[in-house]
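In the two complexes that follow, chain A is the common piece, with chain B as its partner first and chain C second.
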Partner chain A sequence: MSDRPTRRERYERARRRRSVAIATVSTIVVVGASIVLIPLTPGWDRVRQAFFDGDVFLDTFPGLLGAFWLDVKILLWSTPFILAVSLLIALARNTRSPALFPLRAFAVIYTDVLRGIPVILLVFLIGFGVPALGLSRTWANPLIWGSVTLVLSYSAYTAEIIRAGIEAVHESQRAGARSLGMTSSQTMRTIVLPQAFRKIVPPLMNTFVSLQKDVALVSLIGPVEILRQAGIDKATYANFTPYVAASLIFLALTIPCTRLADWALARQRARTGATTIA
Partner chain B sequence: MRRSTALRRIIPVIAVGALVLAACGSDDDASGSADGTLAPTDTGSGDTAPTDTDPGDTDSGAGDCSSTIDDGVLTIATGEPAFYPWVIDDAPESGEGFEAALALAVAAEMGYEGDAVVWTRTTFDEAIQPGAKSFDMNLQQYTITPERAENIDFSLPYFTSNQAIVALVGSSAEGATTIADLKDVKFGAQVGTTSLAFITDVIQPTQEPFVYDDNVGAKAALEANQIDAAVFDLPTALFVSGVEIEGSAVVGQFPADAGGTTDQFGFVLEKDSALTACVDAAITTLTDNGELDAITQEWLSDFTGAPVITVE
Partner chain C sequence: MSDAANPSMSASAPAPKLSMRGVRKSFGSTVVLDGIDLDVVEGDVITLIGASGSGKSTLLRCVNLLEPTDDGQVLLDGVDVAEPGLDPDPIRRRIGMVFQSFNLFPHMSVIDNIAIGPRKVLGVSKADAHREGQEMLARLGLADRADAYPDQLSGGQQQRVAIARSLAMHPEVMLLDEITSALDPELVGEVLDVVRKLKAAGMTMLFATHEMAFAREISDRVCFLHQGRILEEGPPAQIFESPTEPRTQAFLQRVIDAGRL
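Our next item is the complex of A and B:
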């Protein structure tokens, strides 16, 4: 093998250079135009004052960051429950015994109903409704019922993702496992689910990113997390800068997660051998 | 091979980064100079101290009453819905309710009566967002604060309210006579109200208060046993306890000198609105001729009585 690049390599390198040049120029044009043109709009001074006030940003940012910790906590304790409940629902929906029809029907109703109601309404209905039945102060805590709502709603979504993953595993895999003498549950546990989960990592990450933002809905029933803190600060200063600050804090969590999801997707594509067509 | 792929990915990122940095730099410069030029205007209009209206302004302001968003018509905004006792039956056009009656009286002073007054509805956010406003003046119990006055104009105050506590009968807040009695109470309040600031700044309870979008949320939380007590301005507190929440009572009101923000309500107008001086002049006239007192008596006299909680 000689070190001299082949004609093909030279050609590909030239194409790459051209792509880089075009990407760079178009990026500079788009970003540059935005930076030059937006401040020329008549309302820019007013918008900058209302949305990008440096003093308000500095005053409110530490408090927002502290409030965001509550979002992270809700996210962390809700996620395992969501995965567990959604797996149970997906498995229930996948049972094949005629005797288990009521279980399948329950799983269908669960996903249909809980996926069909906007999370914001569920938060109000469950967050205020269940404690009003006469629970003690400890159990009436809106953090509990807000988290329960998230688990109910998101497990309905996630169950459908898992079900799709299970159904995407070719029937021959089950047939092969059963013909080797595995029981139905062994087949599901050791043959179907591992393949299914590998297929659904990207949509699961997607749902996780969505959950990170919907955690803020728990604030509607009382707890002061970042969205609520931003609302309080906004009203205090009559200025929207706290919302911009809160958005940045959310992005600091969601962007790494979306990048991770993209990476998982790319890895899966590479493994399944699909080629990328530009 | 690998390296050049990585490079290809990185170059646009670097380009964007450089541009953003450049933008931040120029932005800083711009805001610096803008602050410099804006500062004199700010102090000139005296927005942070709404009570400073010199007579000269009032005169010229009275002549300025014509610069409304729609020619010959004064557009007044209130909340959606507007709450009792500020507006009766959510129908401000009728002039029934304290704020409805007051707004019509101010409008009349400004020279707008009958068909020349148009009502509209906004949220709090709409009232403070940048850009053209959908109203000439907005009243929905906006408390005048210096921070808010940086972004919007306030009229002179038309009402001063005390904060008051509503609790369910039998709650731990019942029978409180001093703020010390309230330290262990779990409080709730509406977001963006001075009631919330009053809880955190003056009462300083040991448990963090819960916060709701509106009074309805605070009411639901009281009924769901999630909070012991909620703080409202006194007229709202008396209405909430008397009409809206069964089994609740006003535990007490705090004296005006209890600390925190003095709850003075004012009209909200667009920042540097030409109408602000004109509205101020109308409120001054109504105060001086006793009409403001008469309107307050007529609509809020049932909403001022409650035991006083001392601050010690």
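Our next item is the complex of A and C:
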């Protein structure tokens, strides 16, 4: 091989230089225009005072961060339940035996109903409805029923993702395992599910990011997590800056998770050998 | 097998290891197997030849109960294993199957692919299953690929691993379903070598193949399948040199014209 770049390399280098130049110029134009034009709008001064007040930000940020810890806790204890319930529902939908028809029917109704109702409505219905049954003090805790709502709603979505993953494992894998004499449940556990989960990591991560944000809906029935704390601070200071601060805190969690999901997807593409066509 | 197990057989002829009696199978309105009768004596290699769609693969899948038969019997040591409602798992344990597209488990290393059957089905310890798997890989010339993943192997290597995976269950009968059809021509030989070794070791085999020269070399008997029936059956010399059925002759002529025999 000579050190001289090939014709293809020269072409691609020129193209790359051109792309970088265009991206740089367009970024400068858009950002510059924003900096120059937005402050020219008639309401800018009011918006700046109401949403970007540095003193309010510094005063409320630590309290919001503390309240966010509750969101993280709800997220952490809900996630394992969501995975467990969704796996059971997905497996129930996969059963063939006629004796298990009621289970299969339940799984279908479960996913249809719980995916069909907005999470915010479910939070109200379950969060206010179940404690009204006259449960003891410990069980009337809105934190419990808020979390249960998230588990119900998200496990319905996740079950469909898992089911799609199971169906994406080629039939020949099952034939290979069954030809060795493995039972159908051994085949599911050791051959199908491990491959299914590898396939669905990216959509699972997306759902997880979505869950991180929907945790805030639990505040609608009482618990003082970050959204409600921001509402309290807003009222105290008569200023919207706490909402901006809360948004930044959410982004600090969701952006790394989104990047992680993208990375998982890219890695999977690379492994399965799918190429990008120019 | 003692003849006492099957008193209807005469004392001189050995009882067949595997028999099919009037096996029928349809997919919807398409008849794929139209009354198959076949006897496989222990240690015999029977090859199934015939055009694509003649029913070779379905016949093998019916023996392994991967496809339920519609009618007829599949007798393993004289016991009908195709009886509807019978638990297929203990029977599949005794019958090995190797597939055209290998069907290796891509998320497991080579050694785990081989060890998973004995571990899960026979309850062999991980250490024992790995030791035996390692010996088997050494015999197949793959000792250094134990920790590789299937995607990192050539097609010929993958198919040899698939054979090892099946052998690890110590099957009494092996079903080979066009095991070289997905391979590049230069890789076919290494897989066929393994089949020669299996025959030398006395393995009973049912072998669906398009490799006519090899079928002629290795078979004790050759069956020509046409539209779900065994049209002609006999020793390889007879089938390949003086077939009596015009449709066998036509099939072999097409194979010769294609330069494959």
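The rule is simple: the second predicted complex is superposed on the first by the 272 of 278 C-alpha atoms of A that agree within 3 Å, B and C clash if a C-alpha of one lies under 4 Å from a C-alpha of the other, contacts with A are read in each partner's own complex, and residues count from 1 in each chain.
Please note the rule applied: a residue touches a chain if its C-beta (ideal position, glycine included) is under 8 Å from a C-beta of that chain, and two chains touch if they have at least 3 such contacts.
Everything quoted here is computed from the prediction, not taken from an experiment.
J.: Quick one: classify A:S179 as touching chain B (first), chain C (second), both or neither.
T.: In the superposition, A:S179 contacts chain C only.
J.: Go through the superposed model and pick first if A:S19 touches only chain B, second if only chain C, both, or neither.
T.: The answer is first: A:S19 touches chain B but not chain C.
J.: For A:A33, decide between first (touching chain B), second (touching chain C), both and neither.
T.: Neither partner.
J.: Regarding the shared-chain residue A:L135, is it in contact with chain B (first), chain C (second), both, or neither?
T.: First partner only, chain B.
J.: Based on the superposed arrangement, let me know which partner A:A105 touches: chain B (first), chain C (second), both, or neither?
T.: In the superposition, A:A105 touches no partner, neither chain B nor chain C.
J.: Please tell me which partner, chain B or chain C, touches more residues of chain A.
T.: B
J.: Look at A:V47 in the shared chain and tell me whether it touches chain B only, chain C only, both, or neither; answer first, second, both or neither.
T.: first
J.: Touching A:G222 in the superposition: chain B (first), chain C (second), both, neither?
T.: It touches chain B, and chain C stays clear.
J.: Is A:T190 contacted by the first partner chain B, the second partner chain C, both or neither?
T.: The answer is second: A:T190 touches chain C but not chain B.
J.: For chain A, which residues are in contact with chain C within the complex?
T.: 172-173, 175-183, 186, 190-191, 194-195, 198
J.: Quick check on the complex: what are the chain A residues that touch chain B?
T.: The touching residues are 13, 16, 19-20, 23-24, 27-28, 31-32, 35, 39, 43, 45-52, 54, 124, 127-129, 131-132, 134-137, 140-142, 219-224, 228, 231-232, 234-240.
J.: Considering the complex alone, what residue numbers of chain C touch chain A?
T.: 64, 66, 88-90, 92-97, 99, 101, 103-107, 116-117, 120-121, 162, 165-166, 169
J.: Chain A touches which residues of chain B in the complex?
T.: Those residues of chain B that touch chain A are 4, 7-8, 11-12, 15-16, 19-20, 22-23, 26, 30-31, 34, 124-125, 128-131, 145, 147-152, 186, 188, 191-193, 196-197, 208-213, 217, 220-221, 223-227, 271.
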